[in-house]
Amino acid sequence: MAQLSAESAERVIAAARRKAGDLGAPVNIAVLDSGGHLKAFLRMDGAVLGSIELALGKAKTTVLFGLNSEAVFEYCKPGAPAYGLENSNGGLVVFAGGCPLRSAQAELIGAIGVSGGTVPQDGSIAEAGAAALLT
Amino acid sequence: MAQLSAESAERVIAAARRKAGDLGAPVNIAVLDSGGHLKAFLRMDGAVLGSIELALGKAKTTVLFGLNSEAVFEYCKPGAPAYGLENSNGGLVVFAGGCPLRSAQAELIGAIGVSGGTVPQDGSIAEAGAAALLT
Amino acid sequence: MAQLSAESAERVIAAARRKAGDLGAPVNIAVLDSGGHLKAFLRMDGAVLGSIELALGKAKTTVLFGLNSEAVFEYCKPGAPAYGLENSNGGLVVFAGGCPLRSAQAELIGAIGVSGGTVPQDGSIAEAGAAALLT
Amino acid sequence: MAQLSAESAERVIAAARRKAGDLGAPVNIAVLDSGGHLKAFLRMDGAVLGSIELALGKAKTTVLFGLNSEAVFEYCKPGAPAYGLENSNGGLVVFAGGCPLRSAQAELIGAIGVSGGTVPQDGSIAEAGAAALLT
């Protein structure tokens, strides 16, 4: 299986950071490998402290289920079948900002988690980071 | 960046205490620095024990997000985008009583958290404490 | 039973702070009531962050056992009968800096915990604080 | 007080990584700010997973006490005055690899923590990272 290299993780963070700069949204950016272990992290100047854990949590949620973090919400939102799922695994973060990192063969090799902007901004910044993996 | 001194923290607590006395509401008053670390604390006589953690939690919530504690509720209330945010960072307290402490240059240098009265009382006591920082 | 008032807790902290100033040792000073709940706290400017928890822990250890914190060490030191005692109650701190606060009738009404100087300095600062209770 | 910028944190990581490359020791490198909050992180390819937490823990230990991580060992080693200190603050890491990051005015603005090589390698890699802060 392809592995997430340090060089790739840094490229992902750099792309996310550029997007965040374009949006004027200072964020925390976390990159985890396929085992959910921290590979790289950057807190941009001005990003709030409370979002460090959220960035890490979104990336963890994505790795654990192989889905965007907000897609996990569909399983645990009020009325959905997996009541309380968000409390599993030490706590999930089930709103936008977590995106899978996939190899050219579409293998899940990690995830990016972004937090510090509005929820839609976090989502688009994470997408921009993930898109840079294969460039 | 300006730092929160012990002298300033005590001035904040003294002002909050006077306001609480005026309202007849014995409260717990916590002051944290910009990194979320405890700087000063006072439990007024008669304040309930369960509010110690709430005062600390409101101040922590404020430092982590740079917002009044009740403003964080807007992000995580039912239907809001950040579902479950209140469970992050070891648990947030998202009702009134947490206020930022800002330097003359408007830098976030800490927070005050108040709990023990009604929620509106806690909020106005915290505001009174925060207002004393720059006097 | 006599209760530890906010006014008394502040007098204890003020005395400890004066002693710390005389020694040139910036410290964290915690005062707990007889139930082990936080009553007052002050971090002097320059006190290290890692000592916040130690000051709280020394005071907790003292309240829990009615002894100076370093006296608890005699029960759990290598070869002593209560092996692992220091891991109970969420973790004890068994070196000097925790002193009982006793009423005029010698009732245990709380404790002071001091950390940030050398261990002997912490101990003498805590003693100075405790001595101020009855003045 | 000076603040640790993202740009500075990246320069510190880059220098540590170069040193680790010279030594042939793939390591985890963590950079925390003065409040102990994560600012930047990189796991080099081949660094063991168990060292992620150690790198973070060494940096935390350094920020909390303002000392190299191995200097904290002097306070808690067998026979030293602060028995059990290593169990405080959620667990300290008291061997080499944590170094203070100090501003040009010698203020403690954060710490670097390195783990994954031998202990002496970790220490020299951390020193190399810290030395790059002011360049």
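Should a chain be cited, it is by its letter among A, B, C and D, assigned in written order, with residues numbered from 1 in that chain.
Everything below uses one rule, namely that a contact is a pair of C-beta atoms (placed from the backbone, for glycine too) under 8 Å apart; a residue touches a chain by one contact, two chains touch by 3 or more.
Keep in mind that what you see is a predicted model, and the values were worked out from it rather than measured.
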Mutual neighbours - chains that touch chain B and chain C alike: D
Superposing rotation of chain A relative to chain B, computed on C-alpha atoms, to nearest 5°: 85
Farthest chain (mean CA position) relative to chain A: C
Chain centre separation in whole Å, for chain D relative to chain C (CA means): 30
Euclidean distance of C-alpha centroids - chain A vs chain D, Å: 25
Centre-to-centre distance between chain C and chain A (centres being mean Cα positions), rounded to whole Å: 44
Of all residues in chain D, the ones touching two or more other chains: 3, 35-37
Arrangement of touching chains [line / ring / star / complete / other]: other
Which pairs of chains touch, using the document's own definition: A-B, A-D, B-C, B-D, C-D
Touch list for chain B against partner chain A, complex: 35-36, 61, 63-66, 78, 81-85, 87-89, 92
Residue ranges of chain A touching chain B (in the complex, touch as defined): 48-51, 53-54, 57, 73, 77-78, 86-87, 91-96, 118-120
Chain C residues within the chain B interface of the complex: 3, 5-6, 9-10, 35, 37-45, 49, 52
Chain B-touching residues of chain D, taken from the complex the two chains share: 1, 3, 33-37
